[in-house]
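Heads up, the next two complexes both have chain A, just with different partners, chain B and then chain C.
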Partner chain A sequence: MARIKGYPEALETKLRDRYMYGEDAHPEFTDTVEKISMTIPHMCYQCGTCTASCPSAPRSSYRIRKFVRRALLGLETEALTDPDLWLCTTCYSCTDRCPRDIAPTDVIMAMRNLAFKRDIIPVNFLKTVQAIYTTGHGVPNNDVNRAARVKLGMDADPPTTHTYKEFIPGIQKILDYYKLKANADRIVKEREG
Partner chain B sequence: MEAKHKYAFYLGCIAPNRYPGSEAAAIKTSRKLGIELVPLKGASCCPAPGAFGSIDLNVWYAMAARNLVLAEQMKIDIALLCNGCYKSIWEVNHKLKHNDELRDGVNEVLKTIDMEYKGSINVFHLAELLYDKNIVGVDKVRDSVTNPLTGARIAVHYGCHLIKPRKDREFGATEILDTEAPTWMEELVGALGATPVEYRQKMQCCGAGGGVRGYDIVHALDIANEKLINLQEVGVDALTDICPFCQLQFDRGQIEIEEKFGVKYNLPVLHYCELLGLAQGMSPQDLALDLHAISCEPFLQKVL
Partner chain C sequence: MAERKTKKETASTKGTTAAVKKQAPAKAAIGEQPEAKKEARVGVFICHCGTNIAGSMDITAVQDYAKTIPNVAYVDNYKYMCSMPGQAVINKAIADNKLTGVVVAACSPRLHEPTFRTATKEGGLNPFRFEMANIREQNSWVHMHDQEGATEKAKDAIRIAVAKATLLEDLFPKSVPVEKAAMVVGAGIAGMQAALDLANAGIKTYLIEKTPTIGGRMSQLDKTFPTLDCSQCILTPKMVDVGRSENIELMTYSEVESVEGYIGNFDVTIRKKARGVLSMEEGEAMGIVGGGCNGCGDCEAVCPVVLPNTFEEGMKPRKAIYIQHPQVVPLLYTIDFESCIKCDLCVKICGEKKAIDLNQKDEFVKVKVGTAILATGYDMFPVENKTEWGYKRFENVITSLEFERLICASGPTGGHMVRPSDGVAPKRVAFLLCAGSRDNTGNGKPYCSRFCCMYSLKHAHQLIEKMPGVQPYIFYMDIRSFGKMYEEFYYRIQDEGAKFIRGRVSNILEDPVSKNLMVFADDTLLDRPMKLEVDLVVLAAAVQPAADTNRTRKLFGVSCSMDGWLLEAHPKLNPCGTTTAGVFLAGVCQGPKDIPDTVASAEGAASAASIPIHVGHVELEPYFAQCIDEKCAGCGMCVNLCPYSALALVEKDGRKVMQVTEAKCKGCGTCGGFCPGGAIWMNHFATPQIIAQIDAFLLGGEQ
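Let's turn to the complex of A and B:
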């Protein structure tokens, strides 16, 4: 509850709106991001320690501080359609150093989850899903490696889903539960024909 | 030596499918240090925290939980050798143990494949077990060396996801909680007889994570290139890592950096398990070092 300070009514209204939501803001975006990320972007005071710690910042226009601000201001479309969203290497340096105990990295992950709901996703992410659906591995074995393994005295395939293929249907069931494979196939087809 | 500690060996993808020498070395060197690594049959990709975490965190939780349940069924803790896998397997285990709502959600999915996550096991990185005095410790590692890597200057790339974010992590050895200027890996390198070397921005990321290597490879390589420049500045014979994905980024990445940026470093990149293997007398053939994109020969000539 904002304190009444005797300002003109318009200013009182503005002060009661702690997040200063503008016309293009979606206030529920702040809550959704906080729920998925399990962190607290609304505590950010924009010191910029995150951007200063970020290995992607010096070589691109990606500014993690800006994304945390967008979370706080409810600027959903601005955040989710910015291609810089995908330049976070998830190194967690910002999270380690944030003086407000926010995990900016997890804010990015939450935003990426929400972007995917709008089919905004780089294709390479979906290809990893497709590989795991078929083999259980994001980086599956190949013939050169199989030969090397045999030379080492190991089985050609590791004792994972590569050898125990009976586990693959279980993995497919999990991915299908979230309709992930169907969505991945659909989006890859739309992009690549 | 009879194994005092037994773990289910979670392999992940890149170690067994690209650098199988690390897997072979991990099993052999651990045995000499009193650790028995048994296969975790039917394990899958952890799944890749960058790719799956970005798409849908709920899928990431459920897929990692399936791997955890395999070890729970064996009633045995997990050991692994990849920072990315650690992020998925350790962190999901930690989250599910402490968040009932998440655990219930995951178990609803796992029920469809007759599995239930109970939270009955723990997850460790091999590097952390090697450093922890209560399991192995630096002294025991030193005692196991038969072929000291004397004269080799070796720098460490710690990578990100074993130690960061620090506030979530818990380690037996508190030295591992230092994410700004740690030296515990340098101690482990020194135990092999090599000279550990410090360099600028040692704790910087390799650039591959978060799906960036697949999304914008030039951007990812530029981050790795900055580290390679800093390494060249101090002069090292090899770079060691504890994450096969970082290893791939620095090893194969050097070929890609040459193609895209026109610079050449020829810096051998070895997983710490591979180094430990060499120091315990394994041959380069035992470690399939010929699979590395960057030849390890100049380094091997120095230490063998």
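Let's turn to the complex of A and C:
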């Protein structure tokens, strides 16, 4: 940020223009989010049941109520560029309790999809994509887990792609169809070289 | 079975003679279409309704088209057809053009049919020679963005209306006498107020109450907002008035069993449930001198059966023979036969008064009334269904009605506000507003229950006043303090120290040891999620229609809206009336209301219900069925089909034919559509008229 009045940077940030202008709102963003999420954020009356239910909110700056508000007002850039977007654990507690029968979790998921289209996504999410591509699991089995499973009398690997590796190409085909792996690889390379 | 009848023969005879005179000319016309075939001359009048209609269609095109419709003798349009000049246009055109029928293309007949009927009548025609084409609600409003389509649809609507107007006949409304008595169902504050108003207007009123005492929900309350009057103190004088009024016949522990008849002449059967106790009057009637229940309570003391008292929300015990609270009207004990073990102890202690009859059976009483008011009230929404708040799982989560009983000096704790788990006075109390209201999940109520904001403010005030040092927290979404002096009350409570947190509580957890409660909410104004430890949680639960509302409304033929509240005739302009003539609504059964609104609504209903009684007769729309005797084969199959029991088989000229009791007939057309011989003529909706309408639509105007 340009130092117009010569204040220290922290103060400059605090004094920045905070008006919400009419042109910030994009009604088509509301429509798109509703179409992808198949839920109705425009009906939100901001009671806060979602944030109060949220396991992430008490330990982070993530406020799902704010994201639903942004969806309602069509504040596209503000919603998609906020790193908090990626702090939802998708536990669906808010969806269970919302008195307006909105599915706030699905609003978040829709926004994440839209953000990804603009290459806005944390790298750890992309690594998950890569893990799924190679193993079929977002969190692949590891030696500690295998030992625990054996100890509990189960097979070392679960009856998934870990046991039936011949199904991995099927998963890869799906990810390739949506160019998810290619995009993930590209973005990771751009960020990490 | 006791027969009761009010003596009001004078009014009845007057009404009947009037009826006979008015109706005389109608009969000759059945089944013929005399003048219509000769030369029908229909006038068409198109209303702009400002831009409501004219803004969505081409009025000139519609008018030009209307001129080409067969039998149309005159076409005109006007900005507001319902205005005085608009009506004058109709008036003048009828005389100038010798019209035989009038078509007004405007709004819904539900709004202006009476207006244009009057205009038709003033023009010198029979008012039933008028037909309305709805080109607003069913056209311009729904096709606002389709000018061409709307114009074409209006042409169709007018062509169809003209086809019917061509065949319309003179009809004469029927007048029936009105019984000078009324019935009020439910004796809460609404029913009591309505009954008192009717009684004070000189009308004999039957007040039916299903529980053993009158008073309803209001008698359960401690204080009333915003004036903080003691609820019982302002209610009991009215209860006493009801008990003493000569014009009110109070029937407690009674239910409406069946309703027959129509406005002016409802025959109502009432089930007087066996209460096992004789009143002093009943005792006297049975020849027991000085007998009957005097409310001494000796029986209650000896009764061995203990049950929860529903009046105290189950927080106080009662016996199988009981009164709900000390101020009941009538002061008369009641036996709960479902739990009575018939040990006879009460009979013995009652002794010479002989007030108790353990073998009493339900009794049926028949009364005749002219009009009826439903005031069936509300129940609390079972808020335990919202499992996240833990009602009935956590001891210290209570409802507002339980709070009312706990803080009430005559309540189970003598007015000492304690929490249920340990009987200790709470220090921090959370009030949860909209507990089940404004909830669209299906598990809850979509509407605002309307008085919870205000009574929760009152609860906070009562805590602060009674127990200095207590901190009330009010979790709200919006505070709806809309009434007179309500906003000022809100200001006062905030000033007294209640903390308002704008956020809905997501869930509550209980500390298993201390039984304290963790309340989770989002302080949306601070944008911080919060976890608050409190000693007591009060849920301002939603309200819903009383349990038997659906049964009662069906008996009286009243509709309900999607959420179960009884449906008024018009939400703004006829909030006390229903679509069934002679049946009115008072109080919360029509939708949530606080006490002032309930009383206002009750007085409105009483006023509306007294009008037909004071007039002495009512005019019924002449839309009844008529039997064409020559065509009737006397099969009698229609008789059982009639939902209003209006039809009967009678002997006429040596053979059986059907006869219609015109006042009972609602013109539904069930019999007319069914009759295999085509012998039933539905006035104003006759088969030839309907066929002409269908033809006009299908043939697109080609005859």
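Operating definition for what follows: the second predicted complex is superposed on the first by the 149 of 193 C-alpha atoms of A that agree within 3 Å, B and C clash if a C-alpha of one lies under 4 Å from a C-alpha of the other, contacts with A are read in each partner's own complex, and residues count from 1 in each chain.
The rule is short, and it goes like this: contacts are C-beta pairs under 8 Å (C-beta built on N, C-alpha and C of every residue); 3 or more make two chains touch, one makes a residue touch a chain.
Bear in mind that the values here come from a model prediction, so they are computed numbers and not experimental data.
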Quiz item: Who does A:66 touch here: chain B (first), chain C (second), both, or neither?
Solution: second
Practice problem: Applying the touch criterion given at the start, work out whether A:116 contacts chain B, chain C, both or neither, answering first, second, both or neither. | Solution: first
Self-check item: Which superposed partner A:48 touches (first chain B, second chain C, both, neither)
Solution: second
Practice problem: Give one of first, second, both or neither to describe whether A:134 is in contact with chain B, with chain C, with both, or with none. | Solution: neither
Practice problem: Would you sort A:101 into first (chain B), second (chain C), both or neither based on which partner it touches? | Solution: both
Exercise. Identify which of chain B and chain C touches the larger number of residues of chain A.
Key: B
Practice problem: Tell me which partner A:170 touches in the superposition: chain B (first), chain C (second), both or neither. | Solution: first
Quiz item: Of the partners chain B and chain C, which touch A:88 in the superposed model: first, second, both, neither?
Solution: first
Self-check item: Shared chain A surface residues [contacts with chain B and with chain C]
Solution: 93, 101
Quiz item: For the complex, which residues does chain A have touching chain C?
Solution: 43, 45-54, 57-58, 63, 65-66, 93, 97-101
Quiz prompt | List of chain C residues in touch with chain A within their complex | solution = 388, 434, 438-442, 444, 477, 502-507, 520-524, 527, 529-531
Quiz prompt | In the complex, chain A residues that touch chain B | solution = 36, 55-56, 59-60, 86-93, 95-96, 101, 103, 105, 109-110, 112-113, 116, 121-122, 124-129, 132, 136-142, 144-145, 148-149, 151-154, 158-164, 166-167, 170-171, 173-175, 177-178, 180
Practice problem: Can you check the complex and tell me which residues of chain B touch chain A? | Solution: 11, 13-14, 16-18, 20-21, 23-24, 39-45, 47-59, 62-63, 66, 109-110, 112-113, 115, 160-161, 164-167, 179-180, 203-205, 207-212, 214-216, 219-220, 222-223, 226, 285-286, 288, 290-291
